[in-house]
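Labels for the chains are A, B and C, by order of writing; each one numbers its residues from 1.
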């Protein structure tokens, strides 16, 4: 479009200022309840492994290629490399996003990389690359957690060796309450947030991100809540894989 | 209006300048000022800080620093009180630009950046602004700057945390790792701690997963370092300020 | 998905034969007027259309033809028309390959295949007049700018067919909010001005263009080729027609074989037949979402 006058997004109304009315969440969920979770491995025919994951309206597709030769020239290494790329579809948010990687996507990719590197047995594919790509079709809160779950399921689908599956969830703190699996509206009103990626069977933290001020008691409370959430998601992911294999 | 500070942490050198500009507040948060962080890496800092990789590292550091300093999208939960930066609600506010330059890198970059940024913010003076009366609400407010430094206000830095990286190598935890040490560590956490020792942010780095108990131990170790470091910084800034006056 | 492990040695041999001599393997099927996936030469793959799978968009559509999958989404913006410009809206089309769409795609730059499909769709919708830009006007001085973005999620041949179908499905599902321009020159929904809330205006297409790609393989015409078939085919011909059977676009991109007049006519005929199949599916998909007044 080469117009002189740039177009402006159409304002469809403001975000809710209050996300906890009378102590309940806008969608009626309990504080420690996930949105509807749906996951399915093996949705793409071209990729070595793939998965679709949906937490409420947050929808993510992940695809895995490799182990394969790196596209870039890289120094010799006895360990394999993971390459993560998370993309937000241009229409995934309220405001249209321009094509091309932005800083947020770069950060999401880096966070996902840390979470998955801990799990993938990199020494099983020396010199080679495993590429993990995520596309967020609809971004409605807890995007990174959903991406990590989808990517982990896609890795399992591709048959890449892992120490354990990685599951992830996030929490927003709004008015002192800890809300599991927050929607975008809730995340807009948070004064603190937590993201935890766990390998539940190995009892190991693959990635943790806290923002905002946390007292010691609340910090351990939020980590406990996240660990419980990750265990729930992990059980569901294993069930998905079993059903897909059956 | 301007504060700046140079900090050496071992062989790591960073320079931070703070500039206050008058701008327009975001629509989501009309009563808050703005905060912008930019970290650039000087190519002199080392071969890996040249060209694109240096640029990417700069963005990564910017994002990390922003995460610890900036409040959430609601304007709540930040460590810099952005409300104090408002001039005319919804129309004009102060925007603090924190520009950092990495001159020499020898490990624990983010630690050095956060300490320097805090010192520079402590040194920052914001001039008094008088708002002229406007008759109708659509009109742009008229602002008058008072250039008497005695009337300038200081930024409240009491809640600004410093970042402490706690690295784990085998069964030992180390603080303030040099770049040589950083190559040998299994994993690390970046912990933002305020002067009371409370956690203001956390993020995991490095390829290995962490046992939750180990994570808690590392957090406790980092938290212990917060108050003495904040105190030392305070004394340092005060003594250098009095030196300047002499 | 990883390839299934062949159970018997016969299957193993067939798999090895296919890998080593793909052309001979394929020729054996074609000589029996069949294709490896069991289709006749002129048959297209199973097609599904889902309308409005995404809530964050103003309209969206997910289309699958065989394994090839595309998701189209639309976002509305508005702009002020400068006085010397015609009173009409704008439509921007972009096609992007998701990084996982095929083993050749990498994140970063738009691939050539995507750029090519993008131009073909743009031409079919804009220059060929399927979209009436005047209908996108809000009033004399304001109009809608529609951003139609299509992501190819899985690239297994015949990209144009899938992307164009996703584009028209999303366009037909688009509802323009009822808005007006207030005294300050801002575009606001009628609800804000005290009207009823959920009023919307349906957006129609003058014609609905649809495409079929055919591969030329040693004198045979293969409809709706998969990506494997596309690499084996000597040349590809993509035809876009509208409801009246008029040709909206005809593309033959190089290749090692030429197509004579008879071949091209066959392609056009095949596209017209496919058009009727697709139209039935499209109407069904729209009806499922309660969209009937599209005038198609």
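Worth pointing out:
Basically, a contact is a pair of C-beta atoms (placed from the backbone, for glycine too) under 8 Å apart; a residue touches a chain by one contact, two chains touch by 3 or more.
Quick caveat: nothing in here was measured; it's all calculated off a predicted structure.
Located most centrally within the structure is A, per distance between chain CA means and the overall CA mean. At the far end from chain B, in terms of centres built from Cα atoms, lies C.
Mean C-alpha positions place chain A and chain B at a centre distance of 27 Å. Distance between chain centres (mean CA atoms), chain B to chain C: 48 Å. Along chain A, no residue makes contact with two or more other chains.
With touch defined as above, chain C holds no residue shared between interfaces to two or more other chains. In the complex of the two chains, the chain A residues touching chain C come out as 1, 3-10, 12-13, 42, 44-50, 57, 59, 61-65, 68, 71, 85, 87, 89-96, 99, 101, 131, 133, 135, 137-140, 157-159.
Contact residues on chain A toward chain B in their complex (touch as defined above): 15, 103, 106-107, 110, 114, 117-119, 122, 163, 173, 187-193, 199, 202-216, 219-220, 223, 227.
Residues 1-2, 54-57, 60, 67, 69, 71, 73-82, 85, 90, 92, 94, 96, 98-103, 106-108, 110, 145, 147, 149, 151, 153-156, 177, 179, 187, 189, 227 of chain C are the ones that touch chain A when the two sit in their complex.
Contact residues of chain B toward chain A in the complex are 28, 56, 59-60, 62-63, 67-68, 71-74, 76-77, 79, 159, 187, 189, 194, 198-212, 215-216, 219, 223.
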